[in-house]
Amino acid sequence: MRAGASDLPIRFESVSVGTRGVTMLDRITLLIEAGPPTVLIGPNGSGKTTLLRTAMGLVRPTQGRITWGGAEKSPPVQRAIVFQRPAMLRRSVSGNLSYALSTARIPRRTERINELLSMVGLDGLGKRPARRLSGGEQQRLALARALARDPAVLLLDEPTASLDPASTKTIEDIISAIAVSGIKVVIATHDLGEARRIGGEIVLLHHGRVIERAGATEFLNAPKADEAKAFLAGELLV
Amino acid sequence: MHSDSALELIFTGDPALLAIVRLSLIVSLSAVAIAAFVGIPLGALVALNRFSGREGVIVLLNTLMGLPPVVAGLAVYLLLSRSGPLGSLGLIFTPTAMIIAQTVLVIPIIAALTRQTIEDLWDEYREELTAMNVRVFRRVTTLIWDGRFSLVVTLLAGFGRAAAEVGAIIIVGGNINGYTRTMTTAIALETSKGDLSLAMGLGAVLIAIVIIVNTLAWSVRRAGEKMAG
Amino acid sequence: MTPRGRFFVLIRSLLIVAAIATTLATQTAAQDKSIVVASTTSTQDSGLFGYLLPIFKQKTGIDVKVVAQGTGQALDTARRGDADVVLVHAKAAEEEFVAEGFGVKRYPVMYNDFVLIGPQHDPAGVKGKDIMAALQTIKAKSAPFISRGDRSGTNIAEISFWKDAGIDITKDNGAWYKEIGQGMGAALNTASALNAYVLSDRGTWLAFKNRNELAIVVEGDKRLFNQYGVILVNPAKHPNVRKDLGQQFVDWLVSTEGQDAIGRYKINGQQLFYPNAKDSNA
């Protein structure tokens, strides 16, 4: 974990994000604290991606306030994000990791690069051009890039959305291992099974608002809000 | 230089012919080098910054890619003529003037194509680089490095334009025998004298160079695809 | 780096480039022993310079750089100060140039002659006539005629020949009269392609290779005489003029040695230029 002031807790205070009539987040008040993973679920367009990007600092609230460990401005040094469709740098796999390390001002030691490759199961692929990896491999590389930065908070936007079951399982296992190692994981997913497997606490979003928030088991077995029940029954589509 | 056989001249390495080819390469390569030095950062700057009038600048750069060489030549001539503002530099009718004129022609090509390359690459990389907290200067160098294959092809395009033109360099250079005569200006001269066989010989050499440049461009592009995926 | 920082990097780079370029330029300019002579394309195309200049260089070590343009353009180049010496063949224009103060003094150097070129089978029937009659016939029959139309010495001469034949060709022409705005070689090429008539200097004609059916149809008429003059550009108007080196060139051309060299130049065994620096009426 990196030295310096902590990014946690990430506090959303009545945060709205919207442009020209389209509201993506609607007065969100939320506290993301250290501990087990926070899983964001909700139908398409509910604001999961926007919430993650706002938590990362890539999107500025149009109303309300967000703070990281109490600070209103925090450069993305202690947090890292894995996008849904990560962009591969036009370099080798090791080159991508090397870049992530150097931009985080971490020494680019070969041992560290190999360690990261191992963590995500990409051993031996160091020299391959990153753009020639399969979808699952690219997702894992993006994950390794994020980990390379030694973050305190790891944000993931539907990392297994376009993957086959085998790759999905691999990634979920890696994420669980990361969560256990002490890094705060905030993950968006549309897969309820994944939400259950990763565990932690679940936050249901709909139309940019927080509908319900509870521990995973509690939420999945006994949701309170009507929309939550509808969502679990597969009837909350938009 | 006689026209007995243009092919003979080429294969026996006639010194006058070699001097002409050497001058052509020096002028065009220098122009591309300077144009790259100015054009690549300029293109990157426009690609990565939002400023008022940006659309206008982009349209201007794209338009200037088609700047007629004689117009560029005339403009540079008026600048460098002894009676012009920069006359005291004594550059008129010298190879340096030719380099300047061709640089003027090539800068828009390199700047406009660099802007396109960098902008497209930035669209792809923007989120990741922003999320990785990459400083502005590092962004520029990253984009230029990752886009290097396209940029090399851009430089080759610039060289092709410079090597093929005659209008600008004949005006500012004066087509002086043994001093500012290049392949293209020599071809123009020999054709107007009716010495077509020599003109064709020079033309063959020029085409050979153009083919080599284009083959290089193609292989660079392929190498880029292989290396970076 | 801030936007300002980037801007300054760019400016610094441009300045470095400019500095390098200027140093290169001024270095080369200062070191070499050379002059720029503005002359005409027909003189260059005749090959005379290829013959004369190495002789001059060997004697004096001076590199003569010839910029070959039309007479009008050559005189304008000199007026702008971009040449040190002019060598053209249009006496009236040359005297005007000196009168305007751009030239120091005009020296006659040599003469060659013009010839009327046309298709061998001479469709207009002008062969052997004098030049005036020939031109009148060409106009009467609307035979295709190529004019250089570029204010060159040859062009100026051509127009004055029409005038002497009683025709104001600039106003009184037709589709048969084609002005191409280019040099002698180009004009001959065009005439060759179109089987047309064209006025040429003998030198360019002798060196011209793309003749097809063209041949000389009128020659020897005294009026076809073409006088060359050389003038040093006035350093009072343009201080950059290389006065001493330029004067050496002028002096050499009118000297016995230079005049002999001019007379020795031949194409296919035929003398092209007749040195006449001593002729005070030239």
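Going by the order they are written in, the chains are A, B and C; count residues from 1 in each one.
We adopt the following convention: a contact is a pair of C-beta atoms (placed from the backbone, for glycine too) under 8 Å apart; a residue touches a chain by one contact, two chains touch by 3 or more.
On a predicted model such as this, the values are computed, not experimentally measured, just so you know.
Chain contacts here run in a simple line, from one end chain through to the other with no loop closing.
At the far end from subunit B, in terms of centres built from Cα atoms, lies A. Innermost chain of the displayed assembly, by C-alpha centre distance to the whole-protein C-alpha centre, is B. Centres computed as Cα averages put subunit A at a distance of 47 Å from subunit B. In terms of their C-alpha centroids, the spacing between subunit A and subunit C amounts to 79 Å. In whole angstrom, the spacing between the mean C-alpha positions of subunit B and subunit C is 32.
Of all residues in subunit C, those touching subunit B in their complex are 1-3, 5-6, 9-10, 13-14, 17, 21-22, 24-26, 28-29, 36, 41, 44-45, 49-50, 63, 65-68, 79-82, 182-183, 185-186, 188-189, 192, 204, 207-211, 238, 240. Interface residues of subunit B, counted against subunit A in their complex, comprise 124-125, 127-128, 130-134, 138, 142, 146-147, 226-229.
Listed in rising order, the residues of subunit B touching subunit C in the complex are 3, 34, 37-38, 41-42, 45, 49, 81-84, 87-94, 96, 99-100, 135-137, 140, 174-177, 179-180, 191-196. Considering their complex, residues 56, 58, 75-77, 80-81, 83, 86-91, 99-100, 103-104, 129-132, 145, 149 of subunit A touch subunit B.
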